[in-house]
Amino acid sequence: MILRIDRIATEMPPPSSPDPAGAAVVQELLGGKFGEMSTFMNYTFQSFNFRARQEARPFFDLVSNIAAEEFGHIELVATAINTMLTGTGEKGDLPDPATLLNPQHIIAGGAAALVQDSNGKPWNGDFVTSTGDLVEDLTHNFFLETGARNNKLKVYEMVDHPAARALTGYLLVRGGVHQLAYARAIENLTGADLMKLFPSPRIPTDKIPECRPHLERGEHLKIYRFSPGDYLEIAAVFNGVHPETGEQLEVVDDAPEGFPAFDLPAQEGVFAPDYAPEEIAEIARRLREAAGLSDEPTGVVANDTSGVMSKVKDAVS
Amino acid sequence: MILRIDRIATEMPPPSSPDPAGAAVVQELLGGKFGEMSTFMNYTFQSFNFRARQEARPFFDLVSNIAAEEFGHIELVATAINTMLTGTGEKGDLPDPATLLNPQHIIAGGAAALVQDSNGKPWNGDFVTSTGDLVEDLTHNFFLETGARNNKLKVYEMVDHPAARALTGYLLVRGGVHQLAYARAIENLTGADLMKLFPSPRIPTDKIPECRPHLERGEHLKIYRFSPGDYLEIAAVFNGVHPETGEQLEVVDDAPEGFPAFDLPAQEGVFAPDYAPEEIAEIARRLREAAGLSDEPTGVVANDTSGVMSKVKDAVS
Amino acid sequence: MILRIDRIATEMPPPSSPDPAGAAVVQELLGGKFGEMSTFMNYTFQSFNFRARQEARPFFDLVSNIAAEEFGHIELVATAINTMLTGTGEKGDLPDPATLLNPQHIIAGGAAALVQDSNGKPWNGDFVTSTGDLVEDLTHNFFLETGARNNKLKVYEMVDHPAARALTGYLLVRGGVHQLAYARAIENLTGADLMKLFPSPRIPTDKIPECRPHLERGEHLKIYRFSPGDYLEIAAVFNGVHPETGEQLEVVDDAPEGFPAFDLPAQEGVFAPDYAPEEIAEIARRLREAAGLSDEPTGVVANDTSGVMSKVKDAVS
Amino acid sequence: MILRIDRIATEMPPPSSPDPAGAAVVQELLGGKFGEMSTFMNYTFQSFNFRARQEARPFFDLVSNIAAEEFGHIELVATAINTMLTGTGEKGDLPDPATLLNPQHIIAGGAAALVQDSNGKPWNGDFVTSTGDLVEDLTHNFFLETGARNNKLKVYEMVDHPAARALTGYLLVRGGVHQLAYARAIENLTGADLMKLFPSPRIPTDKIPECRPHLERGEHLKIYRFSPGDYLEIAAVFNGVHPETGEQLEVVDDAPEGFPAFDLPAQEGVFAPDYAPEEIAEIARRLREAAGLSDEPTGVVANDTSGVMSKVKDAVS
Amino acid sequence: MILRIDRIATEMPPPSSPDPAGAAVVQELLGGKFGEMSTFMNYTFQSFNFRARQEARPFFDLVSNIAAEEFGHIELVATAINTMLTGTGEKGDLPDPATLLNPQHIIAGGAAALVQDSNGKPWNGDFVTSTGDLVEDLTHNFFLETGARNNKLKVYEMVDHPAARALTGYLLVRGGVHQLAYARAIENLTGADLMKLFPSPRIPTDKIPECRPHLERGEHLKIYRFSPGDYLEIAAVFNGVHPETGEQLEVVDDAPEGFPAFDLPAQEGVFAPDYAPEEIAEIARRLREAAGLSDEPTGVVANDTSGVMSKVKDAVS
Amino acid sequence: MILRIDRIATEMPPPSSPDPAGAAVVQELLGGKFGEMSTFMNYTFQSFNFRARQEARPFFDLVSNIAAEEFGHIELVATAINTMLTGTGEKGDLPDPATLLNPQHIIAGGAAALVQDSNGKPWNGDFVTSTGDLVEDLTHNFFLETGARNNKLKVYEMVDHPAARALTGYLLVRGGVHQLAYARAIENLTGADLMKLFPSPRIPTDKIPECRPHLERGEHLKIYRFSPGDYLEIAAVFNGVHPETGEQLEVVDDAPEGFPAFDLPAQEGVFAPDYAPEEIAEIARRLREAAGLSDEPTGVVANDTSGVMSKVKDAVS
């Protein structure tokens, strides 16, 4: 079971100029073989299917917990794509087909992310490897993160939209932790030494400017515990030092706070959320009132200008 | 972002006689067009892609929150399948191919759930509809839950393994709430009246014995808030009375506690988690020790016999 | 069984400037999840699979008959695409790859329509929902037509080629009738009231200039009976008034006459129908002669200039 | 455009003992690479995409007209499957999963045909070849019919359910005509001689007892014109003698009359058409009455016992 | 480019009792994600796509050469499946559908292997990973061989048909060499130490009786050079000792001789190679004669009883 | 089994200006339904599955041998694509997404060929037809080569990059031989006369300038024997004269020598083979030395400038 938090994993920029071709490329990080749907679903199903989990608890806790962080990563890629597509669904101004790589962004998605790769093919369950063999699944996961890092580096280079850069800068750092965590788990389980495989691909993360703020906060060293009270044994396998910097790895006992997402504007030309969204706003206001709820929306968003956020904090405290 | 809790949504029975053919049929509820991967991913991506969410906050909160509950449902279906497959991966005693419907349960899965439907085809991203048009997405979701209820009812009838029955009994009740929630959301948004479509399919839930304990606890009336502090506006759209019983619908301000899962036994014949799992147990013990963690596994499982559970509760409190 | 008529459902413009990128987008209306292959095949298989059809005859007749009209819609989308691709297969002048969204239009299709969506993925049988549960199938069909209307509206906006506009203008009106027919069928079967869901998406059809001529002829109010003598009970479920205009709905006892299609010119560069089509013409002439048939082609096409049409009418009368 | 007739192409037996494994095998003839969905869709899209059709009219007429007959073939395969599945959806008596090859027949289909092959994989648009090159498309079609004949012969041998035998007996004869028609078209177009390829596979059709009644009626020699007034030039290419018997080939100027299908009984256990179908019957009766239609269902079915059929014939004459 | 040799990689038993369910399971080793189509195609495309191959020649030679051996492995799996299916295509005696896992073995394949996995889904190009990044591709290959070994071990346990056992016994040994070769290549390239990951899964190969004859011949230590004159630098990366036995690894400068396959008998019931294969034999004899070739077939097969083999050896020497 | 030769089938030009859109189109010849993966895999599996091969030896030999040549064709298409993509993976200079048709060339492939068609969809096993029925499989193969020829002609016209032209010029000639070989096999087996179907599509090969050098060397007339000592009976079925020129067909008793491929340069921007490939070169040099191998790379490549080639020839002679 999960609890959901209405925050995203890192700060993202507001929408700027739309970039539908770039957004099509970023889809690889969502629905590609090495995308975040794959990391999320691989670790999630491995945790569901984990047998004798008490006996192998440190490994179960590691896989289960990384799975939880990966939800935040599919959310973040979707957020980046949606940010990049903002402006492609304006009323009377849909994009010229010849400028698009993925027309379904507009037609199927409503100027929004799809469960597809960069060629517009749907993610599918064959991308999940969950054999139950612990050594094999960890080997797979290490390889999967290697492939994911490769794809993030290339998308970083190909797409310079601010949302894509904020995304890849963050994912490179956090995915790097997962790559390392699986390598350390294999080492701790078998005695094999994989540290010389880092970095893989062989370009250091700190060459990427958008990675540096995260590195400076030590985000390349930490596993957060994404649970109110479970997954207590991660430190048994995530330990030692970082293979590139020699810094100490660390398990953080709380989830990060996260950041409010921008409330992306309506795209009336694709009916998202409606051809006349102001009517929905009015209906929502009336429903809220009828239910005895707050006059104003309670959600916290990055582009809030009304002090709602502090009010909400009061309300929920 | 999410936090994960090491509990499952309802009490499940321990493994009994294996039922691989039944498990193959239950896969429809996991990876079929109307399975829980579809409900989870449809609502999850609709929430990621939701534009003007502040203006339409009650609807955003409803969809986002149901998405969170659905994670617990994919977990539960996987748990049922894994329970039914326990015994199919014993050393020296793998099943005769002629008795199987889905050989990949053994070969690919390690006697475990797959991201597939009942014909062994992978779930894929084309099963997600996220148009951004709020009326359309809600209409879709109502239909999706109708199809899901149809499939649960049939799987209930076809598969009488205790794990399958515990699963379908629970899912029918909770899925019924989601079907109703989307119908009410449509009504509140448009004024259309969908209550006469219940029950759909037209067999009342209380005809199913395994549903009754859940109905008696009022589980057919409640939306739980699966969040520490967000999604506060659900009550604006989930309100009114149940169309079949006239009872008042209700938003519960906390997530349910959940139940510990059984620690399903190793299946050495398929190397899950290993050909010699006792070695992993010994390694885990040493790693735990080296990390200064508890001597005993800290995880809470249904088949715990050692008092560990209370010790853990102490530890985390 | 069917009889086929060598006419298309509405008047289409002759080829003008080719628009391969636009044609790629229009493919969504042919082979997309909500395209006409889906509507055609969903209703067709629902009619094949309809049990107790005598008892539920008005519903069987409605579904079977709409299926028949949908054949004309896949034909019409294909015609639009073929019209838009005319000019992309000229000898010595195939399109520059960089200008294409769907290269298979040229390589696989011969400058012609494919059984694919706008991302070039094949339509597949998973897009058919035929559960046999009448309420559920009708609910599905209403939703399917809602999704189809969404896609038509967006393609209308994105693609301004005259053939695409003629297509979407017509399909919006006729698909709207089907959306309404399924809503009325649900209402008549269950008592639920879906009329407030119209229009969905919430943009009225009469805002689209290309729809207006069809609206003026009342095409938004009529179900035609596409059968020489069957499907007599449609009026039992297709009745009442139009939810947006209040006008009376109507069952028309004959199929529409249809319109001759343009005989699209050969595209020798892609061998359609040949590298040297004049040789085929000569062979056809000789074969016709040998068979004792008319000297001239008997088919009726929009770009006929020879009075053949009237001759044919004589011949078949 | 098409007109639809509520008849099936040949007489089919009533339901007898259910045969779900056999029905799963028969699916190959519906949704397999060489199944009737493939023949129907290949010829249909070839006819939509046919360029310079006036110049090549005899060939256009042949392909278009055979496409029309193929609709009746997908209908017939579906009818056979539905007949074989009758009895698998009884209330409280769904099949044991271990006896099934295709569980989705029950779960997805409501004891009904699916758009799948015999391995439960969906038919897809890649099975359509429509290159526009007339010689190539005809070559393809000849090969496709060869593959289809192969599959029908094997399904005939593997499945002895009366509905499967009635189906394959009929399809072998009619498919044989199409195989021959395309061979003759190639010959007439190019001068190549393909007659020595018959029969292919090299087992004569008259060895199959269920084929003989159709052979005796000369069904192996005739192309019917499935149109009220079009496709007049078929005889220019479908001519000469049958390669195995030397009998004269013939174009018949009317579609065959067809046969009423059995009204297959409700399968309440899978909600087809409902859990309580008698309620639908009552609703239908009232709707019919309200609409001023006949008291009794007007449809003609093979298991009619009430004289309705003649009444209807009066009504429509 | 390749030269082909009409031999198979190891001695296979003649057909005995047919085992279609077992054959369906063996398909996983052919067309599954970790099957031989995947190993063959991964290494083949990596070799095609290898950039700067001169600079990295030892690695290029290793990958290219293993690719060549893998062709022999897809051939061997197909041979095993065909052996197991011999007897399922007898005239008048096709299998009862209820006994089958994969009906397409009979209907599509002619009692023969398919390019599918054990659930009857086609192998597809997404199973190929060829990133060009040498460290990553080698990491992938090591993981792929680990997954392949897992699958072979399970199929060994599930399927006891002599052909399946001969197959898995051989593939386990040779696949183990490839797993090791990629691990050594990674070590030689990066300095990482992967030897402690062996065996993976953690069951030693010498526990399998059918592996022992191959182990005794040292087949677990050798890379053969499958080329008349290329791939000379393998020894630069395939060196050191076997991680489990300490024996020296070795590059053998010639391809193995191979073994003649059994000429599997005709299956007339599925027209393989014909309904009346003796006619083909007669035609072949006449064609051979007309071409001035040998009176008798020149091919070498395991079930040859005529001394042809030695004659051929004379002929080609 | 196969032996591999480090040569390509025809001379290819060195990289020039990159053409990623053209490369995306050329993918159709690799992974499309009628691409070289299809020809290679169809004939390969038909040869694996060939029953009674001794009796039908000339046909077995023909199919097996053509399969071997097709390996060289997938290699050649991959080589062309890789040549065209050289320059798209430069450090700091990845292509603008808007200029791409297939972003996975860069992200998944490392500026390299993929197992996909021109729409970026993976090749799959459903594209293989291997029924075992000899007449049918030969008919299929003739049709497959017809479709392949169509696609090559169109790609020739659409893509003018020198590598694409060298590729299509060569493939048209060699594929034409295979088309003819299968037609002759059918004729020899059945007596049918297919020669009038040539050329199909009906544009003579000698109209293509890039084909002429190959025609002048008689490459349109020869089947090479791609085997050191097998497949001796091809001449029994590949005989007679060329249908367009009347020249004598011929079986050549040796494989062609082939041509060295260009060693395509590293693309550091996509880590192919590394971000810093010079390090790999240095490692390779040391490994070679440690293994007692030649100082210099032994491979033979077209852009060799060091006299290595002759040295190698010495070494292997």
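Each chain gets a letter, A, B, C, D, E and F, in the order it is written, and its residues are counted from 1.
Methods note: contacts are C-beta pairs under 8 Å (C-beta built on N, C-alpha and C of every residue); 3 or more make two chains touch, one makes a residue touch a chain.
Given the structure is predicted, the values throughout are model-derived calculations rather than measurements.
Participant: What chains do chain B and chain F have as common neighbours?
Facilitator: Output, common partners of chain B and chain F: A, C, D, E.
Participant: On Cα atoms, by how many degrees is chain A rotated relative to chain F, nearest 5?
Facilitator: Result for this pair is 120 degrees.
Participant: Weigh D-E against C-D on C-beta contact pairs and write down the one with more.
Facilitator: The greater number of contacts lies at C-D.
Participant: If you list every residue number at the chain C and chain F contact, are more than half found on both copies (same) or fewer than half (different)?
Facilitator: Under half shared, hence different.
Participant: Based on the averaged CA atom positions, which chain is farthest from chain E?
Facilitator: Centre of mass proxy via C-alpha means gives C as farthest from chain E.
Participant: Farthest chain from chain D, going by mean C-alpha coordinates, please.
Facilitator: Here the answer is chain A, farthest from chain D.
Participant: Which of these pairs, B-E, B-C or C-D, matches B-D in more than half of the residue pairs in contact?
Facilitator: Comparing residue numbers across B-E, B-C or C-D, the repeat of B-D turns out to be B-E.
Participant: Between chain A and chain E, what is the separation of their C-alpha centroids in Å?
Facilitator: 40
Participant: Express in whole angstrom the distance between the two chain centres, defined as the mean CA positions of chain E and chain F.
Facilitator: About 22 Å separates the centre of chain E from that of chain F.
Participant: Going by the touch rule set out above, which residues of chain F reach two or more other chains?
Facilitator: 33, 108, 116, 119-122, 126, 131, 133, 135-136, 150, 201-202, 270-271, 274
Participant: Sort the chain contact graph into one of these: line, ring, star, complete or other.
Facilitator: other
Participant: Go through the chains and record each pair that touches.
Facilitator: Contacting pairs: A-B, A-C, A-E, A-F, B-C, B-D, B-E, C-D, C-F, D-E, D-F, E-F.
Participant: Using the touch definition from the top, list the residues of chain C that touch chain F in their complex.
Facilitator: 92, 94-98, 100, 102-104, 106-108, 116, 119-122, 269-271, 274-276, 279
Participant: Report the residues of chain A in contact with chain F in the complex, numbered from low to high.
Facilitator: Residues in contact with chain F: 21-22, 24-25, 28, 32-33, 99, 101, 117-121, 150-151, 153-155, 157-159, 201-203.
Participant: Which positions of chain E touch chain A when the two form their complex?
Facilitator: Residues 33, 126-127, 129, 131, 133, 135-136, 139-140, 142-143, 146-147, 150, 186, 190-197, 200-202.
Participant: Considering the complex alone, what residue numbers of chain E touch chain F?
Facilitator: Per the stated touch rule, the residues are 1-9, 31, 37, 41, 44-45, 48-61, 64-65, 67-68, 71-72, 74-75, 78-79, 82, 89, 108-116, 122-126, 128, 130-136, 188-189, 226-233, 235-237, 239, 255-256, 258, 263-267, 270-274, 277-278, 280-281, 283-284, 287-288, 290-294, 297-299, 301, 304, 312, 315-316.
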